[in-house]
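Consider the two complexes below, in which chain A is the common component and chain B and chain C are the respective partners.
And then the complex of A and B:
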């Protein structure tokens, strides 16, 4: 079997195979990011990639080229691999954009994978995003590569012996850039502000009488914005009282403050049912220690908080007591590092290698 | 025991004399043919190829023309769509000819690509149906007369052709079943729905034309068309055209193969040369139905005879008419959007069915009024 495949690749049929493959590079639709816009542009009336015999096609089985458009996340990496495996030989990969090269805008993100780690890549097209001309140039380059080389898809990267190669940090070529550090500012969510808002003042008075002894402070931070600073133990009582007025949670946030050894958990409430309260957003926040990252779940009062709490568990590892979905992965891919947005997560160091001249 | 065929009979049938008696005559190159016939082996081959049934099978309307038309129409369709969208279309592969061999490049690429048979497929059927489907695709070409050239003469040739063409969707359903994929399943069900929806008006329009001409022999039908059938029964021509669009799954009725929704339906799992085979089924069907339409409605091989070309004259006229029909079918693809399945079914079971019954009534009337002439 392998002999006959080799014969097709290098025997008397090879020129026909190369010629046919050269003029029939059909990219499969795998639009992952914004570079897809430039791909569409490259195949629309202005640039018309179909001139080169290249036709965008919907199905992996009948195509022979993947154009990876930009960022590949951990979830999409699986899709990319499946699509690549579905395609028949010979098959080729072109990667567009800075994100596909080294991560680009999302460099060192917890969710990023480089496409070259997943599939063998023939050509990279740098740019953010690359122009249609450069994409078509990559297709031209691939055509030349097919004609000059063998019409086979398997790309073998050159193996480098890294033992004789030093990381650049040991042997700096350029002077290090100066680093300016400022002291970490305090995080304050209830900065008072004088605004002309009579209804808000009335509302704050009502709240103060209703929540007597449960809050630390109630502040008007802007027009239509009220911040309530509370203790963690009082949150459930306050929520049960406020849930009569405010019928949904708009957002659940967590702020990680490692230098103060605490998390701030905030719930933003608003109302759809009472007309006067519709533009008002009330922010309940509490500080919890980093060592005991637990918080009572408020899904009993506001069901819309459910998904937001799960997401916060995914990203920060705050355990919301009473939410039944705690301990499960919600949005992140299974192989993502645990609690990636905690600030003490170690980032991967970037290393530059260079060959040492003997 | 009486012998049906003696050895001498068989020798008689395969003798060169038998071929020469029924040969395509082309006055323009007659001296060349005469010279070639003198050479022992080559002369036999030339006589065999120019023998009218073999000419119909191999040259026109058979294999060679079919392949040329396939290469042309796929390129033409892409080029036309591109021009309508203000693009150039396939060009660089052969710049001075507008990239006319683009389909050849695609075909070669398919030919050398890996053929994947996925785990869930019925391996035997998955591989054999795309090849078996060439039987109903190529068989009707033997019955189609191009002027005086016809493969098989039969008083029922039109009925046989329509019956064999109706077998193609059965094979497509079998292909979808053997693929065992969910997209293939949806596409197969859609194909079955569409099959029932277009087949009945299609057959009714053919029957109304049989009534108009009073015969189902296509050679006679062409002979009797002093006035083209499209003038005798324009409504039947309309129904035939619309059902051809549905039968070849062109837009706006490209429902079984809708590539944006269900990724080419029954053909989703095919790769390499097998996809090349199944993709061309619709185009081959389109070629047969265009030939049939030119014979039923446009006068077939009738046309001003060119004395120098002899028998080829009818071939050329039929080819021009069939290409005109095919080009108009290809034109539909680039200007229409796709209908939903329920819309297409509603159109065909109500409007087209009613129109086809009207065409049948016209056929009956013409048949009754001209019964003294043709009967």
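And then the complex of A and C:
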């Protein structure tokens, strides 16, 4: 078996095999992120990648090229590896986009992986996103590599001797970031705002009489926005009353405030069926202690809150009592650090430039 | 014929070590009920990456469970660690083909907080960019639908149609897709008359070529057969599961954020909300085709309006303040000085935008002290209609999965953020 493989790669038919591989680079469908838009353009009629013998194909078993389009997440890394291993030899990898190179915009994200750590990469295409021309250039470079056996960079930069130039000052030339993060800020969601909104005032009066004794405050925070501050124990009663008017949930949000030892859980409600209430967003929010991160699930009243609640469990670890899918990962990979959006989970600090290792 | 129990000697066990986000009970029940559990994806012959876990009886889908998150790029966490202005390109990345709308939503939330009134000319330029991206996204989704149906010509046409749109966006902003052109207070640069004329001419090209596309794909009998009466979502279901955008309108709900809570200059141009009562895959597609026609009409009206406006005033003076003399027509060079130390007042600021695929929500929570958001919440249309998409699959045949997936235009990078 090995003899015949060797014969194929170095025997008299080897040039034909190389030639055949060169003109049949078939990338598998693996649209990993947003660069897929430009990949689609490269293979559509505007740029016609097919004239280079390259054509997107559905199934990994019959393809020999992976074009990684941008960011690879922890969850996707496993899939990338499996797809790569499914493909027959010879196989190649081209990585598109800044995210695939060094992380790009998402370089310090908790869910990001560099594709070069997962699979061997032949060519990188820089850009955010790279143009279709540069992707096709990478395919041409790969064809050259197949024929000549060595990977060559398609761009050569001129090198300048900087040893004679003195730095103007000791300080680095990049200005420091003006970022200022207040350590213990007060968080207030119901800041009143003076707006000309008659219907809203009427609506607030209606709500006040309907929810008597159940709320702490009802505030108009903006035009078409109403915030209701409630206690956790009253949430279900309020939801059952409001669900007659408001038929869907626009947002389930959690705000982590470690210095006040609390989470704020908010539900933003709106309506599709009542015409006057369509633009109105009613925000019910309650504070819960950080040690007891449990909240009643409101999926009984609004099934549209289901995935939003599951997402919030994933990111913050708020246990929504009554949602059957609690305790399971939804968006995140199993090996991601737990509850990454809590404030005590820090990201790596911003840095403007990276020292190049010699 | 009587039913009889088939006993296999092969020891079949429900798998235990696949990391599947489904309860073990689900697998065991399917095993006992003689159903199949079929995993579709994450690498599948369509576009975009998510896993669908389907429970199938015969070839009828009993239940569909999504496994999203393959493109979850931690946007909300990253946004908490960056300046307000640095978040514009970050929040553009969920759906780069829809660049106008996604950045518009975030920028409007900031403007609302700072109480900034945008100059009239900037409003119209933003509207043109938003509508160009809307057409571009609808065409992109039409191409992806064609890929799902195995219709290669149907893929080539909309992508050829996208080229003039990409060219128009390039002439306006300087880049093909990721323009980040809309900034708090206005737009980055003024758009010269020559470019606007190009945009207007582009709409005629689009209109003409869309007619041929209609013959080739939209009215193609095979396409109609694949999409008609497939994946029906009734009006009640659509409301219950919080479906958004054209997919909600295809089920008969007349809800469009542009009409409900008008922003920019949408209340001063005339357009209609296309709706349909069928709620099937074909009407979900047709509603978007009709929206392209409406967008073309909006763009023409906006270009005509811009003709009578004086050039130059494109960034609000409220935001420029002492730089209003030097930076009012061109912000380049003053970006850091003007926006570097932007601090929002304390409170929560929620903005709703009608992106191409539906409602887009940004909710910024500011503490009033830091120049970074305390919490930034973004919910993209894809994430909203995922639940409705799963419900539409229920009771359909496995062979129709592609048609339904394509008709929703589900784009995982957008849904996962």
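Here, the second predicted complex is superposed on the first by the 285 of 358 C-alpha atoms of A that agree within 3 Å, B and C clash if a C-alpha of one lies under 4 Å from a C-alpha of the other, contacts with A are read in each partner's own complex, and residues count from 1 in each chain.
The definition used in the following text is that a contact is a pair of C-beta atoms (placed from the backbone, for glycine too) under 8 Å apart; a residue touches a chain by one contact, two chains touch by 3 or more.
No experiment lies behind these values; they were computed from the predicted model shown.
J.: So, does A:326 touch the first partner chain B, the second partner chain C, both, or neither?
T.: Neither partner.
J.: Could you figure out whether chain B or chain C reaches more residues of chain A?
T.: Result: the larger residue contact count on chain A belongs to C.
J.: Quick one: is A:211 in contact with chain B, with chain C, with both, or with neither? Answer first, second, both or neither.
T.: Touch status of A:211: no partner.
J.: Tell me which partner A:88 touches in the superposition: chain B (first), chain C (second), both or neither.
T.: So A:88 only meets chain B here.
J.: If you stack the two complexes on chain A, which partner ends up touching A:20: first (chain B), second (chain C), both, or neither?
T.: first
J.: I'd like to know which partner A:253 touches here: chain B for first, chain C for second, both or neither.
T.: In the superposition, A:253 contacts chain C only.
J.: Where does A:59 make contact in the superposed view: on chain B (first), on chain C (second), on both, or on neither?
T.: So A:59 meets both chain B and chain C here.
J.: Applying the touch criterion given at the start, work out whether A:141 contacts chain B, chain C, both or neither, answering first, second, both or neither.
T.: In the superposition, A:141 touches no partner, neither chain B nor chain C.
J.: Applying the touch criterion given at the start, work out whether A:50 contacts chain B, chain C, both or neither, answering first, second, both or neither.
T.: In the superposition, A:50 contacts chain B only.
J.: Indicate the residue numbers of chain A shared between its chain B interface and its chain C interface, in ascending order.
T.: On chain A, the overlap between the chain B and chain C contacts is residues 44-45, 57-59.
J.: Can you list the chain B residues touching chain A in their complex?
T.: 78, 82, 85-93, 99, 102, 105-116, 259-260, 263-264, 268-272, 275
J.: Going by the contact rule set out above, which residues of chain A touch chain C in the complex?
T.: Residues 28-34, 36-38, 40-41, 44-46, 57-60, 71, 73, 75-76, 79, 82-83, 99, 105-106, 108-112, 128-129, 131, 175, 177-182, 185-191, 193, 221-222, 224-225, 227, 247-251, 253, 255-256, 268, 272-273, 278-279, 281, 283, 302-304, 306-308, 311, 315, 328-334, 340-341, 347, 350 of chain A touch chain C in their complex.
J.: Quick one: in the complex, what on chain C touches chain A?
T.: So the residues of chain C in touch with chain A come to 19, 21, 23, 42-49, 66, 68-74, 76-78, 81-83, 89-90, 93-97, 112, 140, 143, 155-157, 159-160, 162-163, 166, 176-178, 239-242, 248, 253, 255, 260-261, 336, 340-341, 345-350, 352, 359, 361, 363, 365, 367-372, 374-375, 377, 379, 383-384, 386-387, 413, 416.
J.: Spell out the residues on chain A that touch chain B in their complex, using ranges where they run on.
T.: Touch list, chain A to chain B: 8, 13, 16-17, 19-24, 44-45, 48, 50-53, 55, 57-59, 61-62, 64, 86, 88-90, 151.
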